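The next part holds the structures, each set out as structure tokens.
Paired with subunit B in one complex and with subunit C in the other, subunit A is shared by the two complexes that follow.
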Partner chain A sequence: MSIWNQHPNYSDDQLRQLVAVCSEVFLDSDTAAEQFPPDFLEISPAMAARQLGPVLEENGQTLHAESVQEVLQDPIPSRDLCIAILTEIKRSPELATRVSETYARRERKMGGPETVLLAGALVVLAIKLKELRWGPEGGRISFYESAETVKAFLLNLLNLSEHPPSPGNGK
Partner chain B sequence: MLLKDLKVGLLQYFIGDAHVYATLLHPEGTLSVFRLLPYSEAFFLIDELVDSLQASLSESHRKRVFNRFSFEWGKKLIPAISEIAEFDVILIVPFGSLHGLPLHAIWIEERKQFLAQWKGISYCQSASLLLRCAERNLARGSDLNKWRFDAHDGDLPTNTFSPGSCVSFGVDVKHGNSALYENVAQTFARQFKKHATLIGSRATVKNSGLSVDPSPDSQWDVICLVSHGYLDSISPEGSGLLLDQRFIGVRHIHAMGEQIYTFRDLPFRHVPPQTLIDPAFSAEILTVSEMRVDCLTNANLVALLGCSTAAGEVRTGDDYSSLASQWLKVGASSVIASLWELDIDFLNEWMPRFLTNWVDKGQPKAIAVQGAINQTLSSRCDFQPYDWAVLGLFGDWV
Partner chain C sequence: MTELSDIMALVVNAFNGAPAIDEMTRHGNYNAWAQKLVGLAHSQPSAELRTLLSAVASDGLEHVHELLLEFGRSKIDSLEVETLIEVSKLAEDNSENANCACLVLSYIATQLWILKSAGRLYDEVDKAPFPGWGIVPHALALIALRNGSVDGASELVAHSYDVLMMYYPNPQLVGLVYALKRYHALSNLIHESREIAISNLVDDLRTGCQSSTSTRSAVAALCWSVGLVAESYALGSLSDHARIPGRRFFRNLVRRSLYCSRHDTLVRYVWLELIDQNCLSDFNSHRKLLNILFKMGVSWVPDRTFAVPPSRLYARCLISWFRRETTRYSLRQYQEVVQELLRIRQLENQVIRVRVLGLNGLMTAQLGHAVALTSKKEYVDAILAASESIIRVVEQKTIYPEWPEYFDRPNLPVIELIESKLAAATASSSRIDEANFIIDFIEQFRCAALEYWLRIVPTYPPSNLDPQLKALLEREEQLLREMRSAYFVLLHNLLPRHYRRFNLFTTSAEAIEEAFGEFANNPGSLGVEIPMHNVVLPQELGRATYKRITEELEALYAKMEQWDLRLASRRRFPAATNQDLVNLLRSHNATA
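And now, the complex of A and B:
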């Protein structure tokens, strides 16, 4: 049974593992190897926020890195953000298959490194990598539209956090 | 083949003024000394390998770093091939940062095979511990001159010692797939004439034979524990096996005089919060620290089939602290344990082959491990060194 059958109702453990696996699949692509160091998965939310700032400000908005960091660290919006990214990944059959196979292999390990929710790493990879390719025979996947969808979702979360709803005016 | 015809060498490492050195002790007593690579080069490479194995979140990255060790620089850590060619078994005593390195995964270009395929290998953290493991090994109580084993040459095995009893226990406290882990444990145990797989209320430390006062029917030649391993990179003494609380049970600690104190778990070690446990279990960790308190065993072999059960840290006096070495210290003659994350698919390929070689063919453990690796790689060419070199033999090689 594929982990995608659980979408979007993952347990905390499943979500952590799946986000880690997705990040690893992204990072293993040739395009990621050109842009990111091999230990990128260990990036902190603060560092991820600084990487995302310039990309998110392409739309002309001014964003504080602290706001981005807060979203990445807050359990609720970071979970929502990860689910949104997983939804986009699930749309691509080839990418989804890579992820589910890697997830199934990870389940067969009798232990392994413990991890927190790698929201920062996954968000940066999902937004910055417009295309994924794995070797000359490994295929090529366009992630451009999905990356834009993820960026819009994150901007929406940030707009909500930077401009909280104003209290009712009594009418 | 006769055991007495095997040639065994002791490869012991130390750090000199600027280089890594190794000594090779021959059976006749001659000693060769080899100057290996500069430690300014060695330690950087070793740190990168150990960091990736224990901490990297990317399996692909771990495999890339591991392959560089196996196929590129690892050979600088062993003497020239001509120096070790004569040996059938090599006992390796590392030093300092070399503890925990999978030297058996080094590719020998001249032989077109890995060191573990070419030689029987066993590790021990010190020569004195190796000596104690050999002294307490009941297999050595038999006449070693008459020990004949089947080296895949049709020889009928004849040795007075044969591991006859095994107790095993399997549990998956993280994902609830205990049936899978129990099956591995049962498959392991069934290879022996007398066997028991501890399930339910019988799954206790006391029944496993690991105790100051084990119950009378708990003297086992072989102990097999199948569970998730936990490696605490900050406090390695807190590393161990994730087991069900019922297994750990209570500990009766003898104080001065006749006083006995009962503890539920000593020393206390909570399961880390980021380790999510299946709600059906109350999990505990059988830690290295815990095994320092009133633990004894007389098992000939302990199989710690979980992740990173042989990974650890160098303490003062070059004492390497890991779960595997702790089992040797409390009385096991030999231990099979994993140096990083263990894949259950590989285990299911390798384990039956090792047990057939050791139990049915009467091979000494190091030769049985060597054979199992060769047989597994012959049938599964998709296994990379990172996949198959995970398990190592520690302690006595017989």
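And now, the complex of A and C:
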């Protein structure tokens, strides 16, 4: 049974694991190896927000990096964002198969659960990688439209969270 | 410390760990939190606390403890525990919209709950925990977490979970599993929050190391102070700023140094200096993790009494050393302080001593003074003496398991031995004996850390035993069994609380009384199984027993020497020498 059968009703453990696996699959691609360091999965929400800023502002909007960081750190919007990305991944049969096989292999190894939702890493990878390829025989997948969908979803979340970052004012 | 003082400390830490507390203090009715607190005071469960809450709101947290005590003296008898539980629930339910106000409300409810327990907080009440353990600390921990008090929330949750686990599994306690699940979920939330905060700090430090020599030097100083000596030299000497260690290294450094800073003044001051020198892009964004550095009391006496705290001077001088900016003036100033510390015997803690004196060595070497001040032999002797002291300290940790973990902090003499002595000795065939000596010496560090395990698992005896030797080995086995028990007693109060519940079957009430003394609750009649609840085995008894058994074993091994010298030596000196390894390899090759 594929993990995609649970979509979008993942438990917290399943979601963390699946996000980590998706991020690894992205990072394993040749296109990612050209742009991202091997330890990219450990990127912080703060750094991810800084990397997303210029990409999100391509539409002419000015964004506070702290707002993006808050979305990536907050359990609820980050979960929604990850589910949106997984929905896009699921649309691509080849990519979805690669992810589900990697997920199943990982489950068999019983290496221990992921304890943190790697939202920052997955969002940056999903938005910046327009194309994925794995070696000369490994195939090539266009992720351009999905990346734009994810970007639009994130912008929508940012517009919904109206409060700009503020210093502690003792609310 | 009593148990009540433990829980009080945890509650206060959870509250004070919130960065917002500093902003809220001395801003009473003029700030939103106070108005919301007064609003909550008018809700039904809080009605009995209305006067107290209004007083705290207008006082601005300046005298919250005095107000609590005064209220407690006059009103605690008429207050019900259930009321305080309901107030905690109210605080938890409203905390998303009134974070700071609910933190204060929950804190007050928790303090009054402890006060109301009148010392019975850890007692069993009708085979259940004291009412409120599933709700009151949970509310405070959750709200403290939402206010950025990550460490405080974590410790409070761990403690409360531990108390409830004493009663698991008990199917008659209907709410127990639910309460444990809630604490488990909160613990996961805290963990995730901490990991995110650490990753943000890690990336800030890495970015700083790439762009600023100051940050790089400060981080190198932090590495050096936690014992990552080789790494600190590598980081400090890299000229290519783009090449810095990966995130995993920095994560380990941040975790370890923040853990150590709670009880290691040198590490703490390096962090404070790193913050003071603006090595972080935005300190406020890291307050969740770093606020604790400012909340600790000053533990080392010289830091309180000297005009410039020696730990601060250490931090500044070490960072300057990594920047290659040591001056004669700074060296003189540092040496004067070190001399004074030695004179007033404030460098008795070996883990602090090796680093303070080690920095002196680094600074003098940077200015080219090393040869002038110290002969090579004196230097080597000093390193060996420092190493011996560290070995004894590491051995002692066995019988003081409550001491904080050293990790690599005492490593400096080992690194120095390897870098300065071993490398030179192994380069020359005429100095093989010296190399052997250094390798054997370094092995003693490893054995010191494994003191208990090497003792408790002695080498196998040969098959044909002299009857006298057999008797000695049987006595050894008996003593080792007692040693395991003594070690368990040593560890007992560090283990999870459910180890404090056990049944004793006794045929002698007097034996129980003699063994446990004041800790014996309900020594019963002969042949009866006695349930013991919340008993902490006396650690000093375990320590004294462990030492006595060690001495008896030493005496036994001395006797064993006349029957089998090799067997006795392996037990008395478990460290493997270089010659042992060579002999082993030779016998292996011969067999092959």
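Rule of thumb we're sticking to: the second predicted complex is superposed on the first by the 158 of 171 C-alpha atoms of A that agree within 3 Å, B and C clash if a C-alpha of one lies under 4 Å from a C-alpha of the other, contacts with A are read in each partner's own complex, and residues count from 1 in each chain.
In this section, contacts are C-beta pairs under 8 Å (C-beta built on N, C-alpha and C of every residue); 3 or more make two chains touch, one makes a residue touch a chain.
For clarity, every value in this text was computed on a predicted model and none was experimentally measured.
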Check the residue A:108 against both partner chains and state whether it touches subunit B (first), subunit C (second), both, or neither. first
Touch check for A:47: first (subunit B), second (subunit C), both, or neither? second
Does subunit B (first) or subunit C (second) touch A:70, or do both, or does neither? neither
By the touch definition at the top of the document, which applies to A:80: first (subunit B), second (subunit C), both, or neither? neither
Is A:27 in contact with subunit B, with subunit C, with both, or with neither (first, second, both, neither)? first
Looking at the overlay, does A:39 come into contact with subunit B only (first), subunit C only (second), both, or neither? both
So, does A:116 touch the first partner subunit B, the second partner subunit C, both, or neither? both
Of the two partners subunit B and subunit C, more of subunit A gets touched by chain B
Which subunit A residues lie in the overlap of the subunit B contact set and the subunit C contact set? 12, 38-39, 42, 115-116
Flag every residue of subunit A that touches subunit B in the complex, lowest number first. 11-13, 20, 23-24, 27-28, 38-39, 41-42, 105-116, 118
Residues of subunit B that touch subunit A when the two form their complex: 54-61, 64, 174-175, 181, 226-231, 242, 272, 274-276, 305-308, 338, 341-345, 347
With touch defined as at the start, can you tell me which subunit A residues reach subunit C in the complex? 12, 37-39, 42-47, 73, 75, 115-117, 167-171
For subunit C, which residues are in contact with subunit A within the complex? 19-20, 23-24, 27, 31-33, 36, 98-101, 188-189, 191-192, 195-196, 199-204, 207, 246-248, 251, 284-285
